[in-house]
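To keep things simple, chains are lettered A, B, C and D as they appear, and every chain counts its residues starting from 1.
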Amino acid sequence: MKVVTGVVGNDIHVVANRLMELSLNARGYEVFNLGVNTHLEEFFDAVVETGANILLISSLNGEAEGWSREVKALKSKYKNLDDLIMMIGGNLAVGRGDAEEIERKYKNYGFDLVCHQIDLNTGLDWLEEFIEKRKTQ
Amino acid sequence: MSLLQEEREIILSNEYVDNFDFDEVEEFVRNASKDLFISHHFAKADKMLVQPRGGFPTYKQQFDLYEFFVESNVDVLPLTIDSNTRLNDYGTAKKMLRLSEENEIDMLNGYPLVNHGYRTTRKMITNFNKPVSLRHGTPDARLLIETAIASGIFEIEGGPITYLLPYSKNFPLDKAFLYWKYVERVCANYSELNEPINRESFGPLTATLVPPSITIVIQLLEMLLALEEGVKSFSVSFSQQGSMNQDIVTGAVIKKLARFYAEEIGCGDAAIHLVYHQWMGAFPMNKDFAEQLINMSTVIASMVGADKIITKTREEATGIPTPQANAKTVADTQYTLRILNGLPNIVDEEEEEILTLEVKAIMEAVFNDPADTLWRKVFNSIKNGVIDVPFSPHIINHNNMITIRDANKNIRIIDRGNVPIPDRCFEYERAQCDLSKDTKGIVNDIIHDIGIMQ
Amino acid sequence: MSLLQEEREIILSNEYVDNFDFDEVEEFVRNASKDLFISHHFAKADKMLVQPRGGFPTYKQQFDLYEFFVESNVDVLPLTIDSNTRLNDYGTAKKMLRLSEENEIDMLNGYPLVNHGYRTTRKMITNFNKPVSLRHGTPDARLLIETAIASGIFEIEGGPITYLLPYSKNFPLDKAFLYWKYVERVCANYSELNEPINRESFGPLTATLVPPSITIVIQLLEMLLALEEGVKSFSVSFSQQGSMNQDIVTGAVIKKLARFYAEEIGCGDAAIHLVYHQWMGAFPMNKDFAEQLINMSTVIASMVGADKIITKTREEATGIPTPQANAKTVADTQYTLRILNGLPNIVDEEEEEILTLEVKAIMEAVFNDPADTLWRKVFNSIKNGVIDVPFSPHIINHNNMITIRDANKNIRIIDRGNVPIPDRCFEYERAQCDLSKDTKGIVNDIIHDIGIMQ
Amino acid sequence: MKVVTGVVGNDIHVVANRLMELSLNARGYEVFNLGVNTHLEEFFDAVVETGANILLISSLNGEAEGWSREVKALKSKYKNLDDLIMMIGGNLAVGRGDAEEIERKYKNYGFDLVCHQIDLNTGLDWLEEFIEKRKTQ
């Protein structure tokens, strides 16, 4: 499976992003890592160019919400992205936040999997479960 | 009119800058209270200076923050700049400042110094009459530094390498070197009027598994680039690394070599200081634990013999700290410094020798670069991976050096990439580690090593 | 019936003691879980064990306290005894226990173990299945120790000197030696049935300006008195003294000399451990500061290489700590131990030599006393001031030795009294201090030195 | 002025007691220090024997309350103690306690001056003020 990943916005926190690439590779995905400081259009462009099945966005510095509000509108401009698995994780609010409330919000923005302050590997386990479930449907 | 002065005029002809009265600023600096100069405090203090972090959008908020700090017995006040100003986007900063002033909500993550202007800001700085340190992260900081000094801020953090490799993905490095050359010269010129303006490098870099040899090399190079331009007071710095012994060794070697290289270029008259940052990597979510970590950092800073410590707060892992949490750290740190006594004298000759050899080998490779000026040599050395910063997000950085922690949590180099670590040192470093694991095992170790304080 | 057994019967015929079933107790010890023995944990642990302090009047309160501790990952549970029981005033203890149970207010500053009895207490101890350490301060602890071991408490703190000189005004010292001889023998006998019962000496003494030489001598003597009676597992201890270096030196010397003297009397087979107490002197009222002090103690304990650390709480200066505050310290201390890595190897040869000479000189003077048994030699040495504990409330203690702190907060002897500190050492100690002041100045220094952590 | 002082009950915290003696001497009092571990009767006996004007009791380990309840009853057994200045200080409760509440309680037990967690020298300043005030009454 092909995954596009990166850190959204003006965020330069790169550590989780590097670990993400390592973990995805270790789990056998074909990874296209756009790195930090990546804007939303760049993510969707890369998904289209590579024919990726999964878009996996990180955000650490609290910027995510600002960007996520534009996801649906932007995604609808691209064709054939209906099957794309959309996932986001990291620190999805400024300061502390209620995890359930955050998950609900981001699902509304169009994400299938929301991992607020969830460990990388736990998140990737969820992704695999999600893919399994989809296959059997 | 000198070339520098011409450049100054251009920079300052900016719609967001009030008429800049150079003569008045010169007079102000010439007569400014010695207490505003951290260089003066370094010279007379017999204790480690304590400096928190912090910046808020409005004048009033910043003023209140300073009041909190002064109450908790701060030695050095911080002025952290917002990220729009850092990217020279004064227009957005202006808009957000207005919104922050009109509403109860902060629309900026720091103090927009250029928009507030030096006339206003100087009132606050002189009111508290404490040294202020400028924390920014700006590649083109020319206007910002002119405004800072005119405001009475006589310590400037940063540098062309340390404010770029950890903070940017693709800002052109050569431009950064030239903009910072300007900053050094302005600092050097003002230093002639009163006590010297202090420049400080940002040693923590990415705060993630950076080996001491790389940290020290970058500290020394930014120091040399500043001294070359006439800066007379400079602070090298590094942050807690995870092993008490490695920190003590790093402190000993950086002090020794900073003196050595300063003298090599005929700048032995400059005052060199050592700054220690409390743990800069991933913090524990548990705030009580965060406080333990912070206290331990203070103890280690004392063992290292730092001249200044820069603090974190119990809220680091969750979000921007409240003024209260920030002030608490200052009071706690001052208390700890006060009661910590009878520091042992610690020397680890073998580790010091290995580290010294590594630093000298990299420095030599940089000096041997065929370019004509030091900044071009450094630029080339970063470009060709002779200097390689683990976990830098910048595209110019090689990212080929691989480091892990040994059993004592020392950061060790297990893959040199293109960095000229001498064979003897490289073998020593690898010999400390368990390398029997496969790649997956090593990756798991790295993940674990990043989270050691959690 | 042996003499010892006869003495046991007499002690236990006490209106406050339920019928004592010796056979049942023996069976219980023989089959007790290894986890209840701290000696077992010392043998297998690769980390410093963490033990808080704490005792409450009622069973329910003590049970709740243990639950808190276990949640915060405690290694060793404490059972602190109230001060009436310590003075064998079981009548008052009983009355105050009843008052505490009936009202919501605590009328006792610890757990009245004798009044609760072993049958009840054992239920609690075996329920948690963690090693429990008995903290008391009782000169005549014979009944208390019988009850403790019968309850499943397999570490007994104290000793004839350390539980007397700081804790009593006029209890006869010779009696204390004999009562503790009884305790050692009971511990030694029970040790044959399962893992050894650990005995621990109380090194902090008055926690007020006690010089390391006095602390170490008393630790060594109590160790020898215990090993003589057949005890096979013993912990020497001391508390934070105010200078990191002095603590490290003290740790090195006490470890070396404990081994040395144990072998001298042919008890090299006994296991000897080192216990470090977080600061035991006057605490700061500011609870945030108290936490800094506590964390620093943990760091120093690691540098000293202690096998166990005994903790304080942020509430030390105000009163008996809440279970919450106590549990917090345990969690914080465990975290600090986990993240503190890369300890340097520190040796201060000069200080170690001076301290070793002092200890050996005092020990020699004790051994040279003409009395026939060790305990009588020690008794005489205290009586004639060869051993002198600053700030002891006991009337037998000479109180002629005077100590102050030097610039690094090392405790230094400026008046030897009758303690045979060798001239060379005495000159060294005095040379570290500013002795130019008059008596009033020195008294003010002493007051200041008592409050150095405030 | 003559002062009898000491630490009440089974309390052996001697440090403050030593400093107390030094401070009282420095302030010119004639001091009879009974030391630690002193029972209530011993205090009153000493006051009678020495003809002291002031009884200054310390308590650090939390025992004070237990003993203080008996002060009035005991004092009334002795004659001519009506003018005795009664002062208590140190740590007057087990665990934390409300300072005002504690003061009220101990005044009821018969103390003129109550210094819960008050510094020695502050307390002795209060004593002097108290003596002054009495004189002028």
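Some points to look at:
Basically, a residue touches a chain if its C-beta (ideal position, glycine included) is under 8 Å from a C-beta of that chain, and two chains touch if they have at least 3 such contacts.
Bear in mind that the values here come from a model prediction, so they are computed numbers and not experimental data.
By the document's definition of touch, subunit C and subunit D have no common neighbour. Averaged Cα coordinates give subunit A a centre that lies 71 Å from the centre of subunit D. A separation of 57 Å divides the Cα centre of subunit B from that of subunit D. Subunit B and subunit C, compared by their mean Cα positions, are separated by 46 Å. Contacts between chains trace an open chain of neighbours here, each touching only the next in line. Pairwise, the chains that touch each other are A-B, B-C, C-D.
Against subunit D, the residues of subunit C that register as touching in their complex are 83-84, 86-87, 89, 96, 105-109, 166-170, 206, 208, 282, 285, 315, 318-320, 322, 391-393, 443, 447, 450. Of all residues in subunit A, only 10, 12, 14-15, 18-19, 22-23, 26, 35-37, 62, 94-96, 117, 120 touch subunit B in the complex they form. Subunit C makes touch with subunit B in their complex at residues 242-248, 284, 286, 288-289, 291-293, 295-296, 299, 303, 328, 331-332, 335-336, 339-346, 348, 408-410, 452-453.
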